[in-house]
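One structure coming up, written as structure tokens, with questions to follow.
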Amino acid sequence: MIALLLRDLRLAVRAGGGFGLGLAFFLIVVVLVPFGVGPDTAVLSRIAPGNLWVASLLAALLSLDRIFALDYEDGSLALLATSPLPLEGAAMMKALAHWITTGLPLTLAAPALGFLLSLAPEAYAYLLLSLLIGTPALSMIGTFGAALTVGLRRGGLLLSLLVLPLYVPTLIFGAEAVRRGADGLDPSGALMLMGGITAGCFALLPFATSAVLRVNLR
Amino acid sequence: MWEYANPKRFMGWTRPVLPWTFGLAGLCLAVGLIWGFFFTPDDFRQGSTVKIIYLHVPAALMAINAWIMMLVASLIWVVRRHHVTALAARAAAPVGVVFTLIALFTGGIWGQPMWGTYWAWDPRLTSFLILFLFYLGYIALWEAIEDPDTAADLTSVLCMVGSVFAILSRYAVLFWNQGLHQGASLSLDKEENVADVFWFPLLVCIVGFVLLFIALVLMRTRTEIRARRIRALEARARRA
Amino acid sequence: MLTVTDLTCERGGLPVLTGVSFDVAAGQALILRGPNGIGKTTLLRTLAGLQPAVAGHVTYPEDESAYASHADGIKTALSVTENLRFWADVYGADLPRDILETFDLADLAERLGGTLSAGQKRRLGLARLGVIGRKVLFLDEPTVSLDGFSVKLFAKWLQDTHLARGGVAVIATHIDLGLAAPELDLTPFKSDVDAGGGTDEAFL
Amino acid sequence: MPDLGQYAVEVLAAYGVSILLLSAIIAISWRRYVRVRAALEAVEKNG
Amino acid sequence: MIALLLRDLRLAVRAGGGFGLGLAFFLIVVVLVPFGVGPDTAVLSRIAPGNLWVASLLAALLSLDRIFALDYEDGSLALLATSPLPLEGAAMMKALAHWITTGLPLTLAAPALGFLLSLAPEAYAYLLLSLLIGTPALSMIGTFGAALTVGLRRGGLLLSLLVLPLYVPTLIFGAEAVRRGADGLDPSGALMLMGGITAGCFALLPFATSAVLRVNLR
Amino acid sequence: MLTVTDLTCERGGLPVLTGVSFDVAAGQALILRGPNGIGKTTLLRTLAGLQPAVAGHVTYPEDESAYASHADGIKTALSVTENLRFWADVYGADLPRDILETFDLADLAERLGGTLSAGQKRRLGLARLGVIGRKVLFLDEPTVSLDGFSVKLFAKWLQDTHLARGGVAVIATHIDLGLAAPELDLTPFKSDVDAGGGTDEAFL
């Protein structure tokens, strides 16, 4: 299982800076918002928590379709499914690799970008914490969506359509935690609920993912 | 009981049932809507806008119930692999979408006189928007997959996972915004029930919507079975 | 070691092959023959457990099978050695020391998968079979794109290493591998147009 | 016609659109029902 | 050339509602923003123009990588390049097909979504107009980006990274036009500049695209 | 009709083949032979104009060539007929009436590309060559995955239709096509380790 994780990470690095790209996309989306919304600092700071969370969600989304697509096309997925590796474990490793290449760098970079959007100073700690707790759930849910659409050409867009509604609870709790932090309220409720979602996702979704993969390989 | 879910048996017993269901649905809807629209008084606070309730509440109820029916059908498909249940779930989704749209639209229109805005990010309204998105994704997945059994399997899993997340979203949304929308007051035992003048025609309308849903799902399931049979026959002909 | 009894497999909702039965003893190979589209790939995928059988039984020792498809599962961004080591790790095996020589890949050891020619890629795909050490192999046209010399190389590995160690192989191919193995022509097993079975059956 | 007062537009729009949507789903379902039935008959006759 | 356009459109329709999906994604992004930002109507209406433009940009972006990737992978792109069809024409047709399947439906749906975000009533006409003028440029620029990254696995993310900065001028003028419309100012300057960008893109980028494609096929 | 003089082609920055020269007259085919990785694919891509030659000349009538690679360019969501019609439209040609029979695809005419077996796909890829009506064909292992019968079908089309009409074909293959055509073994043209040319040269 570790072999799969290492291979995926190595491939991400080899294929032209897999690590940097999610991050760069995050940066660009965050930077685009002022162009669209206008340069008013009060408005920007007001919408900063939501903005950062939506941007990280989109950054996570963008690389989802590659989680299984390449392995499916070159035949490795069928070979993996007939290998001694349990497919549930493979699904979990895939999600983990996705998180390490997108969720983690994005979390670490978010405070710097909060700065660009004049996020309230009190909120930085909660921004970091909420992303740290929430992004693994995004990766796991996304892996499930990627497994659903793996056989389909043009799956990218359908994948987003399926996954985005599933992201809603995580997004709400995440942004709410940061917003509460910025307003000086207690965000621990939201954080705890989000932790529950993440734990639940990792407990259940690997099974759904592997079931769906088996169907798609049939 | 399960043998009625065999495609041939299903086609057999639904043929006579279908026109009756449609007829009854039409009757209930006509009675309920005409009663409600022409023969009920205006509310002292809401004026004539109460009349929207005869569309709004049944549509909202059926939008949720259609999804629940799809969930049950998906579970049956996964456990017992009866083709008809999978096809019925597929047939129900567009009907559910229409009910969702009606609930959203009538609710929005109602919002203008009551809350002064067509759309507010109220939890109930927002949950419905999310439900709408789930319907869209579910239908898109069905449409995207070539092989019908694969499609049935994948959409079933999506429906089950989606249901869990839909419930989570409901709680999340409540957490996010307290909202303007009215609580449930249709319960039969509560004191502060809607006045009887509104309640009886509403009940007839609800029955009408339920029957209409059943009729539409039966008809669309028959279509799906026939389409699937065409597919199977053509595949066999090509093989020959 | 591998017993197939009265197997029916389907593709696209309809049965493709009906009543396939055969036995392969340890140390034996079986060559599947038949024109394009008869159902060789379908049969191999069913044997490998990638798709369920409509009817019949397949028995072989558990956790001893491996499947090689038309596609090789080679990662273009990993080197030849890295590709092989990955599969060795997945199967919890060691990389046999002479595996690169056996499949004439020694010169290419550090080359990235993406820079190999069609035949070199295929040799790498076959080398995976030597790495994972499974006893029951299901091979779908393993020699596509290989030149005559490489075909012999592969046949030799199969005969002298895999089968000699008591392995088993079922191979679909259109060419002559030069193996002393029984052949099974699938044409007689082609499903009748209105044979039962298959997921479409309920609608026919 | 009952007197709908100041909210006539809203109420009528709600009824109009709802009935339109219901008719649409019924019409679409019915049209596909008829077409698929005819197609199946054609296939069964030829096959 | 028409054959290529028709084939691409047919493929988009066959592959499970190619038309609807860009639209659905647009809808979802627009809907997600309030979850992130909070339900306050005043804030939402303030950021609506930028929001709608950023969302349409992201919807256009998401389907870009499929413009050439599938044709590249199954070998049709090499066959097309050696066919009598001029590659510049093919590039233009690809952009056009992309616009018809994403830009156009998105433009038509934008007013309905403006509604959800309580966009100022005066701005609807300009929203429609600016999207109608601007989205073709998004498709053409995106096609160029897709051609740049066609040989790369995991190109999707890199593609976004390359294309998003190129989208900035279109975004700025588009959102500005809508914002001015909402504030009751005259947006014709921004609209005209955007028209210039679109015309320029279609005049020059097909050549760049075909040059880049030839290099990638080498 | 096709003249190649002193051609050098490169792959991955280094020359692979040096000094390849041959002539093919109208109505003639040439079979390229050589072990895996010698450079057959590279040579064919250079001839087809997909990559530039390092040195030497290739001449053939303009707008008369077509290339068929390892991949077939088949759209899985289009039917067999739609796939062929697309290429006919691109080349401004009509769909020959008997093309489906020629390649034994008549039964599959309405099947989607994605539901074909490996060999059926390949036959569809070859049928494209019959549709576009080009005179100079560069074919890279055209018979991969084909059964014996289909190989004969293809050889017959090539001989009786394409070559008989004055066409030309250069074919890389590892098997015996049963064509009466001269063969060219590429082994002698393999580039020296320190042969000049190639984009890396400036750094050597």
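For clarity, chains are labelled A, B, C, D, E and F in written order, and residue numbers in each chain start from 1.
One rule holds for everything that comes next: contacts are C-beta pairs under 8 Å (C-beta built on N, C-alpha and C of every residue); 3 or more make two chains touch, one makes a residue touch a chain.
Quick caveat: nothing in here was measured; it's all calculated off a predicted structure.
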Request  = Please strip out subunit B, keep the others put, and tell me the connected groups that result.
outcome  = A, C, E, F | D
Message = Counting hops between chains that touch, how far apart are subunit A and subunit D?
response = 2
Remark   = Given over half shared residue numbers means same and under half means different, the subunit C/subunit F interface is same
Message = Between E-F and B-E, which chain pair is linked by the larger number of C-beta contacts?
response = E-F
Query = What whole-Å value do you get for the distance between subunit B and subunit D if each is reduced to the mean of its CA atoms?
reply = 15
Task = Please work out the Cα centroid separation of subunit A and subunit C, and write it as a whole number of Å.
result = 37
Ask   = Taking each chain's centre as the mean position of its Cα atoms, how many Å separate subunit A from subunit F?
value = 45
Query = How many angstrom between the C-alpha centroids of subunit F and subunit C?
reply = 28
Query = Of all residues in subunit E, which are in touch with two or more distinct other chains?
reply = 11, 15-16, 21, 24, 28, 35, 38, 73, 153
Task = Could you check subunit D for residues that touch two or more other chains and list them?
result = none
Task = Spell out, as numbers or ranges, the residues of subunit B touching 2 or more other chains.
result = 130, 133, 136-137, 140-141, 144-145, 176, 229, 233, 236
Request  = Go through the chains and record each pair that touches.
outcome  = A-B, A-C, A-E, B-C, B-D, B-E, B-F, C-F, E-F
Residues on subunit A engaged by subunit B in the complex (per definition of touch) = 144, 148-149, 151-152, 155, 158, 161-162, 164-166, 168-169, 172-173, 176, 189-190, 193, 197, 205, 208, 211-212, 215-216, 218
Query = Which bits of subunit B are touching subunit A when the two form their complex?
reply = 130, 133-134, 136-137, 140-141, 144-145, 150, 153-154, 157-158, 160-162, 165, 168-169, 171-173, 175-176
Task = Would you tell me which residues of subunit E are touching subunit A in their complex?
result = 11-12, 15-16, 18, 21-22, 24-25, 28-29, 32-33, 35-38, 43, 46-47, 49-51, 53-54, 57-58, 62-63, 65-66, 70, 73, 152-154, 156-158, 160-161, 164-165, 167-168, 171-172, 175, 179
Complex contact set, residues of subunit E against subunit F = 2-4, 7, 10-11, 14-15, 71, 73-76, 78-85, 217-218
Task = Flag every residue of subunit F that touches subunit B in the complex, lowest number first.
result = 107-108, 110-112, 114-115
